[in-house]
Amino acid sequence: MSKRTGVFVCHCGKNIAATVDVKKVARELAKDDGVVFCEDYVYMCSDPGQGAVIDAIKENDLDGMVISCCSPTLHEKTFRDASELGGLSGFRCEIANIREQCSWVHKDPDEATDKAIKISRAAVRRVQRNEPLDPIGVPVTRRALVVGGGIAGIQTALDLADAGLDVILVEKQSTIGGNMLKLSETFPTLDCSQCILSPKMVAVSKNPRIRLLTESEVESVSGFVGNFRVRIKKKAQYVDPELCKLCDDCSQVCPVAVPNEYDEGLTNRRAIFIPFAQAIPASFTLDEAACLGLKPVVCGKCEEVCEAGAIDFDKRPTVFEEEVGAIVVATGYDLYGMDKLGEYGAGRYADVLDGLQFERLCSASGATEGHILRPSDHKVPKEIVFIQCSGSRDPENHCAWCSKICCMYTAKHATLYKHHVPDGQAYVFYIDIRSGGKGYEEFVQRSMEKDGVIYLRGRVSRVYEQGGKLRVLGVDTLSGRNVEIAADMVVLAQAMEPSKGTAEIAKTLKIGLGKDGFLAEAHPKLKPVESVTAGIYLAGAAQGPKDIPETVAQASAAASKVIALLSKEELHHSPTVAKVRDPYCTGCAMCVDACPYEAIGLVGGKAAVNEVLCQGCGSCVGVCVRAAIDVKNVSQLQIHEMISAVLAA
Amino acid sequence: MPNSSQSPAPEAQAHEPRVVAFLCKWCSSAGSDLAGVSRIQYSANATPITIPCTGSMSPLYVLSAFNKGADGVLVSGCHPGDCHYMEGNYLARRKLYLVKQLLQFVGLEAERFRMSWVSAAEGAKFAEVIDEFVGDLRPLGPQTRLKAKH
Amino acid sequence: MEKILSKDRLREWVDALDDCEVLAPAFADSVWNYARVEAETVIDLSHTNTINPPKQFAFPQREVFFRFERADGVPRLTPTLPDPRPTVVIGVRPCDGRGMPRNDTVFSKEFKDPYYWARRERLVLVGLACNQPHSPNCVCQSVGGAPHAEEGLDVLMTDLGDRFHVKGITAKGGELIARGGDAFASLQAGDPAEVARVHAAASSHPQRPVAELGTVAEAIRARFDSPLWEEMARHCIGCGICTYLCPTCHCFDINDEVTNPNHGTGERVRTWDNCQFPDFTMHTSGHNPRGDLGSRLRQRVAHKFLYFVENHGTQQCTGCGRCISECPVGIDIVAVVDRVSRA
Amino acid sequence: MVNVDALRGYAADLLEKGQVRAVIGYRRGTAGVLAQPCTIDEAGEAETLVWDPTCLNNLARYLVEDRQQQAAAQTRNKTPDGRPVAIVAKGCDSRAVAVLLQENYLKREDVVIIGVSCEGSGVIDPRKLAARPEGRWASRVDFAGADAFKVTVGGDETLIPARDLLADRCLECRAAAPALNDVLFGEVVTERGLDEPFRAVKAAQGATEDARWATWEHHFDRCLRCFACRAVCPMCYCPECVVDSTTFVNTPGTTAEEKATRIRWCERSASVSESALYHLTRAIHLAGRCIDCGECERVCPVNIPLRLLNTKLEMEAFEQFQYEAGRDFGQASLLSSFRDEDPNSFIR
């Protein structure tokens, strides 16, 4: 226990001193048990302030230090480092937050001063029982896992491999490329999406450091930063990509036709098929669910015609266990379900499409080979309506958030439409145009001015079919008039939502989700690519709506974080972890059940903490009826003393 | 007889409630920081004690605070689903629901124990929670029921 | 001094004691216990024995010795001697009356405990003789007492149906009766005989014998190391019922209760403690000389029937039977003494 | 009807064949009407076993004692006798065993549960018996079907309606026969026309806040801190009670620092505040663990209705979390588990 505690009370210029009588705080604290040094100072975080900490420790032989100042999120590290320089363990230094939690939120000087004394006093009582801990060293596995093979995952994997790290890239579908592979052109440059993406896909397939596992999913994760153990399940590989010669004989004989998800359901495909010509791995694949029967084989025609002998119906799923040091989650987005937009005729009328379907219509690799034709009758639409914020920015009925990219892709769609159908008319219903980004505003302006797209500010209330036309009822709030357009096609700029399975992967990886279901970053400003779990990073639209350049930037940022992490010889883990008081433990295992990190096990009938897994949350403390477990430096004794200190008259 | 909640003694009217606020480090403590950064003014009656997670709340912290004379005890953590440690707030919710039920059962004034979810982004809500709590406590006067009488 | 008090005038007497704290048995929560007599209280002396003996009125469960604080770094102590109102306890059963002088001995023999005596000197015990035993576990006569024993009481009342025979035993008792004035009547001719008849009838109820009382001390000494103790204590759960309810158990613990930890303010407090708690004899080293149930049962029984006899010349047990009736697991001091004696 | 001779024979047989180390059961006490706990080590003693409505104790308490002694023997480097212990268990007692199993305090193979049915009735409340004329002098109480007890005083036998003598906990009992058993004597009776579960606690919480506090202040004030409630409870097996360190865990390995840093949550003074802290902590520490054997209330010398504190929380556990202590020893404990739909509306 600390018996020579020092206290510094920071003025923070006037930030604290204007409300809190810092001299009085120092005077009162000086009277407390074990406080041997107590002073106030104008700016503790300044260089002389830190120097004063170092000097005070040395001159007064302090074994504990409290700085009453701003929030510990700001300068805890500063003062712990200063303490170390003074020869005192950083863990023997605590911050009393008398600025954010006191001087800034109270006006009455007496009340604020009284509260500042209590806060400081509690910190003194706590620090007096802090242990001088050493960080826990952990070895590192220099290999990373990337979950999701869209542009985010691809970029991360390439950057990591480039830095000399081995990468496992796991993709649920049979090709990498994700949603970007479905796009025709990209805003604002209108370059061909597949043309800029496919070189990266090929680079993935050719990179010896990247192990690509398509049709695979992460089943479970255990371990901790630097040392995760992942179980990955790969579906049965009925077509061997090494042997497949892409001759297409198999699909010619396949009797099955099902909607082609890679073409957003606009065309059909066979049970054995290749998603795209550019697919990586470059191989046909067999859709188990659509196939007439594999066990026992019902049809077997494809196997008969395959000269390469690439098809083997007896293949089974395989499960890998891999060790990795870091994980990047890049599971991407889905468009908000069309079925939820009944008022816009979605799902009812064949010519009401979502944005990705429209991309497929525009794409040369799509069903219409790049001609914009109505799915219902293959006629060229002469009047087309684009509806923005379809499902976005509607907290009552749909998604509360702005999906960020729809303004831009709608402008792109309208432009592309005009390029394909110069005599057609495009209308865009919008709430606002959000075109922040390099060249973005200019692009939108061009669509209006050069391509004559008519922008109507207002919401659409209803879309219904009448006389072979889609009647779009809306309002133009700028002119204050109701608008009715007889359209041939309606395109809904559906909101972006986290891809299906995001919640499951978050649970598997034990990372948090925000209220909206996107993966939660550790700090909205300062840690935008870190998840709340150390060693797990986020990239792309799984973390929130974003466009391609932003996704690529975040992917590279995540990669650089991983590179920095895995470049260390060993990792340091916070030592404020749970500690079992052996004689008190009865082995009831309530803590084992309560621990979210599986960090506690029973050894010899008593709870034992894996200090490396433990994050110090204290769930174990909260459930232990025997008080047989504590988190170091926030022990129950310390909390008890803090309660006493705060309430002592 | 202890003070009745219906008719506080005259001196009780002037009593300034003393509140211990257990704040989880990641959400509610950060939320209180945001209230500070935003300069949102609120009552100074609550003294914060930061804990790693509401899941680490021992029921004894609550009982002990009342024993030592707290007029009110607040436990504030992350919204369900937002726990930095994934599950701690769910464990806390179940446990502290029972604590609250028990305290009410023996007749501690129901208003004296409160729980809230305040995220790191909810500085304004933090201030509201404290002000409302202190406002509700003020008419009750001093907490005499569980307080140690020395 | 002997008087007759009609039952309907008992209240008159109590009302005359208006400067005193008056306590009498009351049946509440399904148990008899002493309660303060208030203006509206109907005093009911049909009680079996109270669950708590009257020792608490001289030896309360919590006694503050002094307060401590530190002002400007200098410790300061403030002694706190109790200064109670005179306290009259009505309806004390003779077994409990006999308990008081035993406690007086403990708290005065080597050191006169000022806290105990500050209360004790202002305590007046008004006994009520038992006309029949209250339970099969009443063994007052087997330990040298009687249903109408006067030892330790200031006044003894005997229930004669519609009236009490009231006898002043000590000077304090006499004064107390005198304060009742007209409420009391003189004895009639037949009263002494009636009192004697009631006492004799009460004494004639058979009670369980406590072995050969004179040989018990020697028997315990001889069987100190007998495995019998552990066998008899096998189901003891180590609670404090037998000792806390005992009219003569008097062990205590002393603790500092800190009220302001920042400035070292608080009180030094004496609280009851008891030899049946496992930590009672726990040493700082971790060694516990009475670490098993048998040695703790032996301590309790030997204290009553051996050590107290050695130190003070009489058994400490007064036969109230509480420790038997209230033991959650049926440990029966009469049977224990009997087995040890016959072993 | 439980055939007591068959029960004795079964116990004797277990001991005879060396299948168990001991049988924990009930025998006649030496004072008063109540049976008392006993531990039978030899087949010959099985004759003394009894089963009647005065067998109040929850004998699971002695499984705890037994495990502690086994552990102590092990630390003294004695080879412990690894055979199981048999225990005579009522419905509530068997639920206590289930909680001990759930908490790894025992292993299933370490205990042989000799279940006894409460005959559709239950055990008596000795205070209710003592309150009747001559009740203090009763020498025997026997089951007389589900609805009555046969009370013997001197040579006289009287039938008394079961409701008049039944312990409160038995009036509200939902399982008067042990579900967890290795052998069961007597019939499983599920339908009982007595009180609804949680009737008493529901009545108590109907009072106003001030009235509730007046009641509990009165009770906390009367508490002697004899800790009989804790001592008799099979679930209160902590090596050291967090509220009052009456059982110090002091080993040669305990450091001076540890001795100096025990948390004084609660003072030893038997004052309202300290006793409240003790009882409330005990209640919350028993949440999801109390199986309502009612022993705490039965043994309380000043008759504090302690059962209410525990049943209040068991009622909440049952109604809000569909959790029943002792129902299934494989379930996760109440407080180390949660569900998304747990009550949330009490939170601001």
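So that you can tell them apart, the chains are marked A, B, C and D in the order they are listed, and the count of residues begins at 1 in each.
The rule we apply is simple: a residue touches a chain if its C-beta (ideal position, glycine included) is under 8 Å from a C-beta of that chain, and two chains touch if they have at least 3 such contacts.
All figures in this text were calculated on a predicted structure; none of them were measured in a lab.
The most central chain, judged by the distance from its Cα centroid to the centroid of all protein Cα atoms shown, is B.
Here A-C and C-D are compared, and the pair linked by more C-beta contacts is C-D. Computed centre separation for the pair chain A/chain C is 72 angstrom, with centres defined by C-alpha atoms. Computed centre separation for the pair chain C/chain D is 30 angstrom, with centres defined by C-alpha atoms.
One simple way to say how far apart two chains are is to compare their mean CA positions; for chain B and chain C this gives 45 Å. Centre to centre, using the average C-alpha position, chain A and chain D are separated by 51 Å. Touching two or more other chains at once are residues 594, 622-623, 627, 636, 640, 644, 648-649 of chain A.
Residues of chain B in contact with two or more other chains: 60, 64, 87, 91, 95, 148. Shared contact sites, meaning residues of chain C that touch two or more other chains, fall at 257-259. The touch graph of the protein chains shown is complete. Against chain A, the residues of chain C that register as touching in their complex are 258-264.
Remark: chain A residues 1, 129, 581, 583-584, 586-594, 602, 605, 622-623, 625-627, 636-637, 640 touch chain D in the complex.
On chain A, the positions that touch chain B within their shared complex are 71, 73, 97, 99-102, 104-108, 111-112, 114-115, 118-119, 122, 510, 512-515, 520, 524, 532, 594, 596-597, 615-619, 621-623, 627, 631, 634, 636, 639-640, 642-644, 646-649. Interface of chain B with chain D (complex): residues 1-2, 4-6, 59-60, 63-64, 67, 80, 87, 90-91, 93-95, 97-110, 114-117, 129, 132, 145-149.
By the touch criterion given at the top, residues 148, 150 of chain B touch chain C in their complex.
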